[in-house]
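Chains: A, B, C and D, in written order; residue numbering restarts at 1 for each.
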Amino acid sequence: MSKAERKDELGRKDYEDALDAMQGELTAMAGWASQCGARILVILEGRDTAGKTGAIHAISQKLNPRQVRTVALPAPTDREKTQWYFQRYVPHLPAAGEIVLFDRSWYNRAGVERVMGFATDEQVEAFLEAAPKFERMLVDDGLLLFKYWLTCDQEEQEERLAERHEDPSKQWKISPIDVAARGKYRDYTKAREAMLEATHTKHAPWTLVDFNDQRRGRLTLVRDLLDRLPVGPVEQKVPPLPPLDEP
Amino acid sequence: MSKAERKDELGRKDYEDALDAMQGELTAMAGWASQCGARILVILEGRDTAGKTGAIHAISQKLNPRQVRTVALPAPTDREKTQWYFQRYVPHLPAAGEIVLFDRSWYNRAGVERVMGFATDEQVEAFLEAAPKFERMLVDDGLLLFKYWLTCDQEEQEERLAERHEDPSKQWKISPIDVAARGKYRDYTKAREAMLEATHTKHAPWTLVDFNDQRRGRLTLVRDLLDRLPVGPVEQKVPPLPPLDEP
Amino acid sequence: MSKAERKDELGRKDYEDALDAMQGELTAMAGWASQCGARILVILEGRDTAGKTGAIHAISQKLNPRQVRTVALPAPTDREKTQWYFQRYVPHLPAAGEIVLFDRSWYNRAGVERVMGFATDEQVEAFLEAAPKFERMLVDDGLLLFKYWLTCDQEEQEERLAERHEDPSKQWKISPIDVAARGKYRDYTKAREAMLEATHTKHAPWTLVDFNDQRRGRLTLVRDLLDRLPVGPVEQKVPPLPPLDEP
Amino acid sequence: MSKAERKDELGRKDYEDALDAMQGELTAMAGWASQCGARILVILEGRDTAGKTGAIHAISQKLNPRQVRTVALPAPTDREKTQWYFQRYVPHLPAAGEIVLFDRSWYNRAGVERVMGFATDEQVEAFLEAAPKFERMLVDDGLLLFKYWLTCDQEEQEERLAERHEDPSKQWKISPIDVAARGKYRDYTKAREAMLEATHTKHAPWTLVDFNDQRRGRLTLVRDLLDRLPVGPVEQKVPPLPPLDEP
């Protein structure tokens, strides 16, 4: 019995068929965004192994890379650490017609930075107060903001880490921070609760998605995103493709 | 008989198995790049429907988005048009340990800009002379540069365009430039010849990959890239994962 | 009788002596900012001929250009116009120890953009509501923000424009916007009133400075800025300069 | 007898009159650059106390800050240190009609970085070879490049450092690097010789200016810059200033 069966995971074929259909909808959505100039920002947060990157690929795979882009910022430089906290994220916000996917985001401050001690308690407090106001500004300005938290049980996380640990080609992917984070599962849970409490607002709510089964998780997330977007019909000005004389 | 069979295209299952294996190699390669601080730049060029975006996804899918990034620049602004031609690409060049994938690149000047008349003949000439020198500077500096040209026959291109044209969710993807380009298949071919002639250098050669079958094309490209990279063994400093006391 | 005498303007010598002394204080202030990591943002607004640029030079002249910088953004590009309004200003905000001087600022929206019709009424309204909140975020984050409005009577403005108009080397400096603005003196006055009304807040108040006499205006502004900054003593760790053996 | 007299320095009044006239010429030059879309880059190098900042102020004081800007980059971040050496300078190159003044530049590698050991011998060698090629690309592209080296005798430098050292408001300006550099006067001289040898090219020559007398130095530099620029007449489309009805 394969691991997938044991766990009752969604099979690959079913997943791919369902995803194919949704990617068609995403393509149509992108056409709509392009035409009406919508600005879409999707934040993906969650523990290290939760599956943020895979979810992002599921969204972006069939879209035009000139319209959709992934932002996965490195740790802040010393100079950036002294700036307004949101400063280094702002240049990446979407312009008209653009779809931006944040793989981690300003919420680092309430998660990894808090748990690992990269930020002081005051900084975390200040962030939890500022984030809803900052997001309020963006939403008031018309930006379409979606925040997803990908959940994954400790047992599942252990399995995924062990898998990486055993595969020589993946071992290097386990960062010192991952190892440290592993021993702080409860601290992360507490940090997440505090974060949700402070930043789950009406104008910018969080959506939690169960990623214990990654395939189901991705489909759930994409479905939810599509349902929340006010996609309207696209007025096709489809240029005709006249017969070619050349060939 | 399905289209794939008719054309003797590589089946999905075979493709996915082969890709899985190569993505494992890519992961190992990324570990090596990370550890030795290699800077890798991969340029993908080719006609509109050639399959640049799909190839990029095949490469990046399993890699850490904090290490690999796709750059697909929009058309230049009026101010950018007056700057040094390479200026807007330079900020995206990789730092140590980074892998950057260019979906189109400075070669726009010798392709779409030339054929569509966005650049003057002098500008194109100047570019064809400057590009090898510019790339020489990067390569001399230790950057690992790979240039792929994805080829696709006119017949196949027609089929892909027709497919997009029939699918309402994809119609909007056909840009005015695509339509115009379609009628200029031969001009593009000529432009490409001139470009290869001028910029296929010893220090930065082009590799042409047949993308009439996209799956085969992707596998060929990834295989070639892996073979060209001087990947060495990664010294794993794998942190042990001690038993957890928490659960 | 010279123009300066006629108008009872401050003489050059008196001005230079006073400025010299204040520039010494500015240097000391910069040392303090450097040491305690203060982030200082000074916004200068006012009609075209008011003297913003001259005031900025008076402040920055003797400071280290690696610490102080002037930001005078060009008109927004089409892409920027669709972004969050404050987005293009944010990358220029000061990091620790930096002093940033804005020659015009986000207040363009409530001034030139309003009067010249570059922004819609709704955009102006939205800005007037957003600006205090945006500034609040910065000030709460510890940024030291100072907003100066340089005033100048219509008569004086006319004289300055006429002067530029007569001098061939300066004629080109009169932009079409300047000419248009000239005929809209009252509209600008009204726009300014609305702006002050909405954005003169406790956390980020405006200071109006009379620049009919530019020299007096500069001295007043610099004096005010120095008085508002909570400059403390700098702990000098002055490295000794040991005698040289070389010469 | 004042220091200036002792040294036969140019008097303040004479200096200001001469500068005033030249600043008029600079204004006319800026009009020309604006109209013909010239891109001007002026690099200022020299020992710490040489007077780079003062020279830059003399040039920019009367120009429109939306047209002229000073670039004084901080030390590179760790990430920047791994990039192509010229990468962090490129985004600051001038667009059409812009005048950019570099207070220090890529030549840091051949000066302070070499003498202070921030760069390896190989890096310095590689830079000395690359710089002429890099500048060649820019000049071939039509950029107007001017490189000034401000010279100052050791005796004069000692005097200036001593002056800063005695003035509490300026003491903090003496950086640890300045102190170290002071003891390495000869190393700097040698580094400069090697740099001139390698990078004084036909397409991008250096101009040495004696800044032992700062005022004379500034006038000499500005005069030289004006003489080298191919300034042509500006076609004034001076908009008439019709009488106002308002006042």
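The rule we apply is simple: a contact is a pair of C-beta atoms (placed from the backbone, for glycine too) under 8 Å apart; a residue touches a chain by one contact, two chains touch by 3 or more.
Note that the structure is a prediction, hence the values are computed from the model and not measured.
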Joint neighbours of chain B and chain A, given as chain labels: C, D
Maximum centroid distance from chain D, chain identifier (CA atoms): A
Chain pair, A-C or B-C, that carries the greater number of C-beta contacts: A-C
Where chain B and chain C are represented by their mean Cα positions, the distance between them in whole Å: 46
Chain A and chain C: spacing of chain centres that average the CA atoms, whole Å: 40
Set of chain D residues in contact with two or more other chains: 74, 79
Complex contact set, residues of chain A against chain B: 24-25, 27-28, 30-31, 34-35, 53, 56-57, 60-61, 64-66, 69-70, 72-74, 103, 154-155, 158, 161-162, 165, 167-174, 176, 179, 182-183, 185-186, 234, 236, 238-239, 241, 244, 246-247
Complex interface listing, chain C residues touching chain A: 37, 39, 79-80, 82-87, 90-91, 93-97, 126, 130, 133-134, 136-138, 140-141, 143
In the complex, chain D residues that touch chain A: 74, 77-79
